[in-house]
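In what follows, a structure is listed as structure tokens, so that the remarks can point back to it.
Residue numbering begins at 1 within each chain, and the chains themselves are lettered A, B, C, D, E, F, G, H, I and J in the order written.
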């Protein structure tokens, strides 16, 4: 099941620099791991923003929530979640004859 | 170059039914063609809406505009365009060693 | 899987009265059927609005979309869909010892 | 009488950790108690948010206000309250013949 | 139980003039009747708008909904409903010693 | 002359507790005094919010501003002011024959 | 008593041209008359909009409402009304010694 | 050339009281001076807000910007600037015959 | 004097096709003329929208208003006007030594 | 490829004054350099705001993002990015015969 997620990140200025580095590093490692596992299907940077647009493939909504909630930067993100489904004009729905 | 586009469709109730069918059919054919050509990279339906979220891979902004402007349903769409770039935590930016 | 859906209905004034009656009657029958089947779990009226707030229990997002899209009044609704999951403080997540 | 309530929680980063734990623990205990008493009828987590959507069954608006105002996390919540009533297409309004 | 309601009226230009007169006359008669019965407690005009701000005293939310839904001009109103309760600094909550 | 005012209160967490108590106590005393004088005509709590909806009867707009500006909690309020006038369907405008 | 009013005008395309001319002509005559009487104190055009920003000096809110409601173009305006009072830094509040 | 400006002031609570007094005093002196010079043509207080609505008569947009930027309270203001022009129904555009 | 203007165009579907063609053709001719005269300094298309972002160099606000008001498509545009001035970091404000 | 960017700057009050000076000075030097290189094509100040509206000419969206992300004041900016293309009525698209 696919979810479209936009994350806008705002790390507080007064966060301890070491903690910040730790958070950002851990977030990146987690993102790479989830991509390799096929869960975090797409991850793009929005031009000019500390934001990403992502597509996740998860078993269900609970898995989606648990994944987002466990992201190291989650406490510093504004998150928008949109459920997706196959589009009737997508190639996958229109196999070549 | 990648663009993230959301299209919300609102076909007027009083559009001639044949014209409507023609528009929707042509739109679908065009979407399939552009997907096969690798330009319309992703096309998802937003759950509960007459809307899609799409990713386009185009040479530049002019190509993006011309493509959207030429869609049969363009006059009946509200369109949001967001420029994307590679995320530093994407797999593509972090090749395995 | 649970979805929270708000539907705001706005039937055009110039809709043929018979068509309107037909739509509203069919919508009601469909709502009752889906409630009896356990899919449309809750259905409440918002006070002072031609709107409802509903909870659906569906296999996945595709089922949710197909259900909403097929509602007779769908063309005249503004729909907001929110994915839900179990709350850690819900009774279901905290069985009595 | 039924109310639909959405609560978005934002606990300040600089809250004393013990106070935070105390608040969250007390909030959970209170939520469970109110669910067992049949007042807090439904409690769902919104996917990807530190938020819940809840249904309360209370004698009147005053009881609703007092309950919300007395929640341990109330000072850190943004709350939206919507009065509900029975929907004419609900099963409860359409008893089987 | 008290509800605060704002009604913004927008009667379509193309409504039949007789029907318009009938609606406005019936609406006024109904408003006067409900005021005399003590249900429509306050009714004020918002300066510069075709709008009113009203206070209703009704048994419960269902009565509030049924009243609003049955107003002759309801189909042409945008309605905002807010549940009220006694304020701890109101005179009624602070009887003179 | 009548004004409709909504006040949303947000007292900063780090305000000195004694100062907070003093402010809230003085605010309440002032509200009671103004109600007894017939200036603060109505004062209701909005359900689920640290907010009130009030009706003031003042000689003119300057009196309204001076009253609001002098409230002890004014620096911590978001205030919305709406001028009211008699509604043509109000009882007061339609004396019984 | 002073009110600040912004009026955004949107005359429907399908209004009869003669009626439109009549409305606009009458509106202008009324605006000039009210300016000469000292009621419509200021009247400015907003650059690039079919809108004006105006200052009215009226006895009270009821006079303000009646004036606006009686404008020929009122049915085609979106109106925002803001009550004003003397600013403590205005010249009028700070007479030269 | 005329500009309509709304300034909403929010002085931080933790500003040094002497600095605050100094800022407010200097702002007032500057406002009076600019009014005497005929640049700050009108200055009104918005009822119930720490806000003003002002009209400035300046040679051009650069003068408008420099004036606003140099106000002592500018760093604590939210400013909205709207360019004005003569209204075709203003007295100034319709000299008596 | 420079103004930044965004124009969003929405030509009604039921406009007579000849009138539409006439309007669009005249608009284009006028845009070209004003560009050649140095008044319409820049004119860009917003990607994916029937919109432009433009920079105008005009003597004053009145000239800006008259120009916009006289555009053939003005009745079908939503217009946003923003006054500009030289930026202190612009090359023009920092001549090479 | 052209991008339209609006940057609204909000430097925190408690930033160290030397750091602030350093940031603003470096930002200006960078802006001048990018203008001289032909990348930052236009840079205007918005009247009455600590904001600029800019046009950039960059090879692609990635270059646009990297440029904005590397601006010294980027952490203190709200940034809006809009992709532009040639307008069909621009002089460049309509060479003189």
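Just so it is clear, contacts are C-beta pairs under 8 Å (C-beta built on N, C-alpha and C of every residue); 3 or more make two chains touch, one makes a residue touch a chain.
Molecules present, by chain and UniProt name: A, B, C, D, E, F, G, H, I, J = Muconolactone Delta-isomerase.
It should be emphasised that the depicted structure is a prediction, and the values quoted were computed from it without experimental measurement.
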In this assembly, which chains make contact with chain B (Muconolactone Delta-isomerase) and also with chain G (Muconolactone Delta-isomerase)? I
Could you let me know which interface, B-J or I-J, is made of more C-beta pairs in contact? I-J
Centroid distance [mean C-alpha coordinates] between chain J (Muconolactone Delta-isomerase) and chain D (Muconolactone Delta-isomerase), Å: 45
Using the average of all C-alpha atoms in each chain as its centre, how far is it in Å between chain B (Muconolactone Delta-isomerase) and chain I (Muconolactone Delta-isomerase)? 28
Interchain centroid distance [CA atoms averaged], chain B (Muconolactone Delta-isomerase)/chain D (Muconolactone Delta-isomerase), Å: 39
Each of the following residues of chain C (Muconolactone Delta-isomerase) touches two or more other chains, namely 2-3, 45, 47-48, 61, 64-65, 81, 83-86
Contacting chain pairs, sorted by label, are A-B, A-C, A-D, A-J, B-C, B-I, B-J, C-D, C-E, D-E, D-F, E-F, E-G, F-G, F-H, G-H, G-I, H-I, H-J, I-J
Seen from chain C (Muconolactone Delta-isomerase), its contact residues with chain D (Muconolactone Delta-isomerase) in the complex are 2, 4, 27-28, 31-32, 35-36, 42-48, 52-53, 55, 82-91, 94
In their complex, what parts of chain F (Muconolactone Delta-isomerase) are in touch with chain D (Muconolactone Delta-isomerase)? 13, 45, 47-49
So in the complex, which bits of chain I (Muconolactone Delta-isomerase) are touching chain H (Muconolactone Delta-isomerase)? 1-3, 60-62, 64-65, 81, 83-86
Quick check on the complex: what are the chain J (Muconolactone Delta-isomerase) residues that touch chain A (Muconolactone Delta-isomerase)? 3, 5, 12, 61, 64-65, 68-69, 75, 79-81
